[in-house]
Amino acid sequence: MNKQLRLDQANMRGPPNSEVDRRAALKLFVSGAALALASCGRPAEQIVPYVEIPDGMTPGLPMRFASALPLAGYGRGVIVTSVEGRPIKVDGNPRHPASLGSTDVFAEATVLSLYDPDRSQAPYSGGRVQDWSAFEAALQPRLDKARARHGAGLALLTGRITSPTLIAQIEAFTKALPQVKWYRYEPSEDDAIRNGAILAFNRPATLLPRFADARVVLTLDADPLGAGPEQIRFARDITQARRTHVPDQSLRLYAVEPAWTLTGALADHRLALRPELVRNVAIEIARSLGASVPELKGPPEAEHFAKAAAADLTARQGGGLVLAGPRQPPEVHALCHWINNELSAPVDFIAPVDPLNIGGIASLKSFVADARAGAIETLMILGANPVYDAPGDLAIADCVAAVPFSAQLGLYRDETAARCTWHLPLTHVLEGWSDIRAFDGTASIVQPLIRPLYDSRTAHQIMALLSNATGPSSFDMVRGYWQQAGKHGGDFEDWWRQTLQDGVVADSAAAKISLPAPQMPEVAPVSGGENFTLAFAPDPSLFDGSFANNAWLQECPKPFTKQVWGNALHLAESDAQSLGVVDGDMVRLVAGKAVLEAPVLVRQGQASHTVATTLGYGRAGAGSLGTAVGFDVYRLRPSDSPWALADVSVSKIGGRQNLLLTQHFFELEGEAKDLQPRFALADLAKKPDLGLSKPGGNPATLYPPHDYDTYEWAMVIDTAACIGCNACVVACQAENNVPIVGPDEIAVGRDMHWLRIDDYVIGGKPGFSPVPCMHCEHAPCEPVCPVAASIHDSEGLNLQVYNRCVGTRFCQSNCPYKVRRFNFYGYADGEEYKSFGDDIVKAVFNPDVTVRGRGVMEKCTYCVQRISRARRAAEKDHRKIHDGEIVTACQAACPTRAIAFGDLSDANSRINALRAEPQAYALLGELGTRPRTTYLARLENPNPDFGKAQS
Amino acid sequence: MSLAAIRTEPTPPEAVRWTLPGARSLDAVNELVTAPLYERQLWSWKAWWLAAALSGALTAGFLVAVYVVFTRGIGVWGVNTSTVWGFAIADYVWWIGIGNAGTLISSMLLLMRQKWRASTNRFAEAMTLFAATIAGIFPIIHLGRPMYFYWLTPYPNTMTVWPQWRSALIWDFWAILSYILFSLIFWYVGLIPDLATMRDRARSKFAATAYGAFALGWRGSARHWQAYETLHLALACLGVPLVVSLHSVVGMDFAASLMPGWQETIFPPYFVVGAMYSGFAMVVCLAAMVRWGFRQEGLITIAHFDVMAKVMLMASIVMGLSYATEWFNAWYGGDRPDRSLVIFEFTGSYAPMFWALLFCNVIAPQAFWIAAVRRSVVAVFVVSILINIGMWLERILIVWNTLSHGYLPSMWRLFIPTVWDWLTTIGSLGLFVLMFLVFVRFIPAISMHEVRKLVDEEGS
Amino acid sequence: MTALLLAQFAESARFVEAARRAKSADYRLVDAFTPFPVQAVHELLDQRRSHIRVVMFIAGITTAALAYGLEYFSAVIDYPYNSGGRPLDAWPAFMLVPFATGILLAAIAGFATFLIECGLPRLHYALFAVEGFEHASQDQFILALEKPAGDGELQRALDFFRGAGAVAIREVDT
C-alpha cells in the first residue's frame, strides 16, 4: 500500500489518522492499547466474579462479573464478560427479575459506549479543559454560602434515580440543608400512569401484570413488548404464556394502538385507532362490565373490536387483563384499574420504586419557575441532559443558562454541558460502583469491570463532594449503605460476596400492597378532531437519545421500517394518499408556533390522522457519530401530554430525503406467504400436516450421503416467539466483532449484520423471521468457491476461512438466503466510519474472533468460538458436550428464548424435539440445501368468535 | 412489371466472387495489403492518429480505474450486499464472447471450406486475441483481494491447499488461459508466410531484419507448406471444440448455480451462440474499418458483408428462441422465484434496459431479411453496433436481475453504477481499439497467402 | 553439396504443367518454393509424411490424463474436505480442466513439431542469396531440380524449361 492510496482512503472515509501506514498504525494501536490497558487494570477495590473464585485471573481466560445497567433509571441485571480487564460482552443475569438471563439492544451496546472516543474525559469550563481541583475551588464558596442559608439557592436536577445509596445520600443532604431543591424528571415519562393510580386509589401505586396467569390481554395504546426497563421480563412472560398449543390455555393478545408497536405485531387482534379514540374502547369494555357509561358510537370496526374483546375478557374470569399506556390520560388508567378489578385480573400492586412523590413534569415545571424567578444560584445536574430531552415548551435551555453557576455531570459534553458553566465527566456504569433497583424494586449492586478510563466521578462522589464528605470512595459509600440496610444478619462479608456474585440483593423486591377498590373515574367517549395528532414513542434503537453516539444502535435496523441512521414521520397510507406523499418526501408539520420539516415514511396499518415518530434523534451534542442524525422532536413535545401532540397540521413541501433502509425496497405478499408461514392454533390441532417443507425432509439427490461421525450442530428459531426486538442482532455484532459501515455505505445497499431480521407483511400484519446463516449440509456457497475458502467442517458447520478468501463473492451470489456479508472496504480494518476507527474502540473486540480485513467475505459462524470453548472444556474432563451447554450469542440475548441451538446427533437433544414439531419448517427447503438452521412457523391464537361478531 | 415479364426474364445466378477484378492478381494482392505498411506516404494517417489518441486516452482512463480499484478496493463500484457482482463480470462475459468469433471464423469456416474467410480471418483472429486478453483482466480486478488471484492455480504452497476444482471459476481460469495461448499460436502460425512476404518486400534493412526474425526463415518450400497445412488444419479442428467449451464454461458460471434465472440447462449453448453473435458483429465493425481505412474494397467486398449479415440474422433468431425458451420454462416449470423473476425482467426496475436488449438483439437484425440492407455497409455496420450494445445489456441484466431479485424479497436490492464502473467498461473498449490500431499498422491485416490462393483458384 | 537449377514461373498453371512434364522427363525434382501451397506440385515431390497430428494427439491425451490425475490427487488423496456435500471425486466437475489443458498442450506440441519438421527457425539459407528468390514468397513459383551432369544435358534442361514458360532459370551451388 503506498501513500497516495492512504490519502485517497483518508479523503474518502475514515478519520484523518487512517493516513498512517500499517506499521505506524500498529505502533499507535499498541501504545493505545497499552494506555487503555494501563487503566484497564481491575478496579482497586475487590470485585467479585460471577462464577470463578476471585483470586487472580488467568490471562486469556475471560472472567464474568454480575452487575446491573440502567435504562430510564431502572436496572436490568447483567453479567459482563471481561478479558484482561477489558469488558467486551454483556449478557443477562438469570437471577435478575428484569433480565432472566436475557438482554436488550441497549444492554448489549453498553460495552461500545464505554469505549466511545467522544466521551468527555476531563472537567470543562470557560471554553477549556480544567482539572477537578479548579472545579472544587469554584464550587466551595457557593456551597458555603448556600449552607449559611440552609441550602437556599442550591438545586439538584437529576433523571429518575432508584439507587438506594444515592437516594440515601441525597436525602441526608437535603435533610441537612432543607432549602436545597431536588428536581427530577425522565425523558421516557410515565406521569399519566402514576397519576392514574392516584386517581383510582388515592395513593401512588405501580401495577405489575402477572402475564403467566393471564389468558386474554388487551393493551390500550400500551407496548409491554416495546423498548423499556420491563421489556425483557414482559416479553418473556407474554411469549411464555403463549407457548402452549391449546387455544384456550394460550394467552390471546388484543392490541389497540395508533401506530405499530412490537405488541401490536404479536397481537392476535389489532385495532389501529388514533390516540384520543383509544379511550372509547376502554369505555366500551367498562360498559360491558356494567359501568354506567354512554355506549360507544362508531367507528364500526372499533365498536366490533371492543365488543369482541369485552366478550373474550369477561369470559375468562380471572384471566382477563387490560393495560393502558403512558400516552393515555390518567382517567383512562383509572378506568382500566376499575376494569381489572371487575375482571379480578392477574395483577399485583407495589409501592412505586421511584420514591419521589411528585411527577417528573411537575418537578421540571417547578424548576423552570424557580430558575426564572432567579431562586437558583447553584445548579448541579447529575447525569441528565434536559436541554436536549426536556419537553420543548418549557424552554429549559434558557432556564439553565439563566443560572449563575451550573455544573453538569455527564458522559458527554452534550447540549446541556454547552449551557452550563461547568461540565464534569461522569464515570461510566461499567467503571464505577453503585447500586440500582429494577422496575419491581429488586436491588442490584453495580460493580465496576474496569478502572475508570478517564479522571471521572460518579454521582455518589459528587454528592459526597456537596456534603463536604471528602474521602470515601463510591465503593465505601455503596458498601457502607448496604452494611446498614442489607438484611445480612450480622455476617456482612459473606452476604456482600454472595450478593455481588448473584447480582441481586436477596429479597429486596418491593412488597405487594393491598389497595382499596378503585373508584370509577369521570370519563366520556370522544370523537377525534379534523387535524392530525403527533404520537411520540421511545426509539427502538436510540431509546430517549442518550445512546445516540452508539454506532451499533445507530445502525440497528428498526423493527418495522428497517430504517437506520435516522428517523422519519410515519403516516397512514390513507393520509399519505390524501397528502400525495411517498416514502422520503419532505412534509412540513405545524403545531402552534412550532414547525418541523421532515421526511415521511408511509406505514400500512397505522391509524389515520396520526403522525407517529420516535425520540432520540437530531442531537446537537451527541458526539461525532450521533450529532445531526435525524430530526429532534423533543422541542415539539408538550409538557402536559408528553407522548401526544394534538391538533397538528401536515402539508407537503418540495424536496425528498433518501431514507436509509436495509429492507423493504420491494413488497411482495405472495412471496411472503411461502417464506413465513403462519397458522392458527386451531388449525394446528386439526391437521397434523401443514404442507411445510420439513427439516430433514429433503428432496432426492444423486450425491452420496455424507456420514457425520461427531456433533451435528443445528439451530431452531421459533418465529412465533420472535417479537423483533433486535437484541440478537446487536448481541451477534458484539460477540463477533461485526463492524458498522456508516450511512454512506448503507445508502449504497451494503451492511455487515451477520444476523438480520426479515419482516414480512402478510394480510397487513408484520411478522419477524431472524435469518442467520443456514449452515446448509449441501451448501450452495461451497462448491462455487475456487479457493476453498468456504468449506464444511466435520460437525456440519459451514465455515468461511477469511485468510484464504480472495473475494470472488461467488458464494454470496449463489446463496439463496443472502446471509453472507462482504468487506467492500476495511470496515473494521483501517477504513472505519468516523470515530469508530479510533484505537480505544478496538478495546471492545472479542479476542476469540478474527477481525476481518478488506476484500473478504464473512458470515454467521454459529459462534464457533463458543463451540470450541465448550469442546475444550468437555475434552478436558473426557466427556461429550452436554445438550444446551453451548449458547450462541443471539440465543443468549433473546428475551423470549426463540432461538435454540444443539446437537442433532444426540437423539434426546432439545433441538431434535423442536425440529419434530408440526409447525417446524426449513426455509426454502425445497431447494435441497438441507439447512441446519430451521424454523418454527408463526402461531396465532385468534378469537374464533371475532368474525362472527362482525357479521 | 408483369408476371409474364418475370417469367420471360429469369436472372441467371452469377457465381459469387470474393474479390474485385482490380485485386485479381498475386502481385495486386501483395500490393494492396502491404502498401499501407510500406508506402505510408501514400496514405493519410490522420484518422489513424485521431483514433489512436482517442483510444489512448480511454486506455489511460482504464488504467486509472484499475489503479483506483486496486488501491481503494472494489467498494468504489456499485456492487452491494445482494448484487455482489456488477459490470466487471458482465464486461468479462461480453469480451470473451467477442473473443470467440475470430477462432470461429478461421477454424469453423476453414473446416466448412468457406472461401470468404480468407480476407477476414487475420484481423478476426487478432480481435480474438485482444478481446480474450482484455476479458482475462476482468475476473482478476473484480476480486476483493486481487493480489491473491494466483491462489486459483495449483502449486505447492505453505497452506498445503489446492484450488477447489468444482468451482466454475476454476474452469474459467483454465479455459481462458488455454484459449488465449491457443489463439496466439493459431494466429502466429497463419502469420508466418505473410511475415516472409513482408521480409522479402522490405524497403529497409531494419524492416527486413524485424519481419525476417519473426518469419523464422520461412521459404515456402513444399515441406513447409505441407507441415503448415497439416498443423493449421489440426489446430482448426481443435479450435472449434475449444471455443465452444470456453463459452459453455462461461455459461456454466451462471448455470452451475442455484439462483433463479441462472440455473438453466440452456445456458451453455445459448451463451455460445450469443458469443458468436456479438463476435461477428464486432468483426463486421472491424472489417468496415479496415476496408475504409486501407481502401480494401478489392478484398473485403460487399459480398462479405452480405454473408456475415446472414450469419448474424441466423444468430439473432436463435437468440430470440433462447430468450423465449427461458420465459416459457419459467412459466412451465411453475417455480415461484423463476416466474417472479421473469415478471421482474419485463416490468421491474431494469425493464427499460431489458426492452432495449430485445430490440437490439432480436428486432433490429431482422432488417437483414432485406438484401439491400445486407449489401449496405453502413446499414450492416449500424446494426452490428446495436447488436454489440444489446449483447452487453444482456450480460449485465443476467447479472443484475438474478442478484437483485433472488429468493428472499427481504434482500432484493438494486445496482446503481458508479463512475468507476463506467470508466472500467468504456476504458477497456479504448484499450481494445488501441491494440487493434497498433496491429493494423505493423502487421498485414489481411492474410496474403490465403488470398493469393483464393485469387489463384478463382482465376482472373 | 549438390548444384541446383531453379526454374522460376510467373503463373501457377504453367508452373504445375512444367513440374509434371519435368517429372515425366525424369528430371530430379528437389523442391518447390511457392507463395501459397500448390498441392499438384507437392504430390510430384516425394515427401516424408508429417508426424504433427500424431504428436498433437499424444501430447493432448497425456496432458489431459495428468490434469485429471492432479485433480484427483489434490481433491481425494492429498487434501480431502466436504464441499457442499459433493463427492470427493466429482468427476463431472473435473472434466473441463483436462479438456482445456489437453487442447492447449496439443497445440503447443503441434507447433513445436511443425518447427522441427520445417527446420525452423533458420534465418540464413543459401537460396535467400539467389537473385529473384524473394519472389517465391510473393508472386512467382520456383521449381528446384538437380542440375543435370554434362553441358549437353544442362543445355537441354534449360531449353526444356524455357519452353515450359519459365521466366528465369538459374544455376546455384549450395
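We call the chains A, B and C, going by the order they appear; numbering starts again at 1 in every chain.
Quick note on the criterion: a contact is a pair of C-beta atoms (placed from the backbone, for glycine too) under 8 Å apart; a residue touches a chain by one contact, two chains touch by 3 or more.
What you see is a predicted model; the values in this text were computed from it and never measured.
Visitor: Let me check something: if the centre of a chain is the mean of its CA atoms, which chain is farthest from chain B?
Guide: Following the centroid criterion, the farthest chain would be A.
Visitor: Would you mind telling me which chain pair, A-C or A-B, is linked by more contacting C-beta pairs?
Guide: Most contacts of the two pairs: A-B.
Visitor: Could you grab the centroid distance between chain B and chain C? Build each centroid from C-alpha atoms only and quote it in angstrom.
Guide: Distance between chain centres: 30 Å.
Visitor: Please work out the Cα centroid separation of chain A and chain C, and write it as a whole number of Å.
Guide: Measuring from centre to centre gives 82 Å for this pair.
Visitor: Centre to centre, by mean C-alpha position, how many angstrom separate chain A and chain B?
Guide: Result: the chain centres lie 58 Å from each other.
Visitor: Return the residues of chain B touching two or more other chains; collapse runs of consecutive numbers into ranges.
Guide: Those would be 161-164, 166, 170.
Visitor: Of all residues in chain A, which are in touch with two or more distinct other chains?
Guide: 780, 783, 785, 788
Visitor: At which residue positions does chain C touch at least two other chains?
Guide: Residues 83-84, 86, 90, 93 of chain C touch two or more partner chains.
Visitor: Would you mind writing out the residues of chain C in touch with chain A in their complex?
Guide: Interface residues on the chain C side: 81-87, 90, 93.
Visitor: Once bound in the complex, which stretches of chain B touch chain C?
Guide: 25-27, 30, 154, 160-166, 170-171, 174-175, 177-179, 181-182, 185-186, 189, 193, 196-197, 199-201, 212-213, 216-231, 234-235, 238, 241-242, 245-246, 249, 449-450, 452-453, 456
Visitor: Contact residues on chain B for chain A in the complex?
Guide: Answer in residue numbers: 68, 71-75, 78-85, 142-146, 148-149, 151-152, 159, 161-164, 166-170, 173, 256-259, 336, 340, 403, 406-414, 416.
Visitor: Flag every residue of chain C that touches chain B in the complex, lowest number first.
Guide: Per the touch definition, chain C meets chain B at residues 12, 31-38, 41-42, 45, 47, 50, 52-53, 56, 60, 70-71, 74-75, 78-79, 83-84, 86, 90, 93-94, 96-97, 99-101, 103-104, 106-108, 110-111, 113-115, 117-118, 120-125, 127-128, 134-139.
Visitor: Per the contact definition, I'd like the list of chain A residues that touch chain B in the complex.
Guide: Residue list for chain A touching chain B: 1-2, 4-5, 8-9, 12, 663-668, 670-672, 674-675, 745, 748-751, 756, 758-760, 771, 780, 783-788, 804-810, 812-814, 816-818, 821-826, 854-857, 924, 927, 929.
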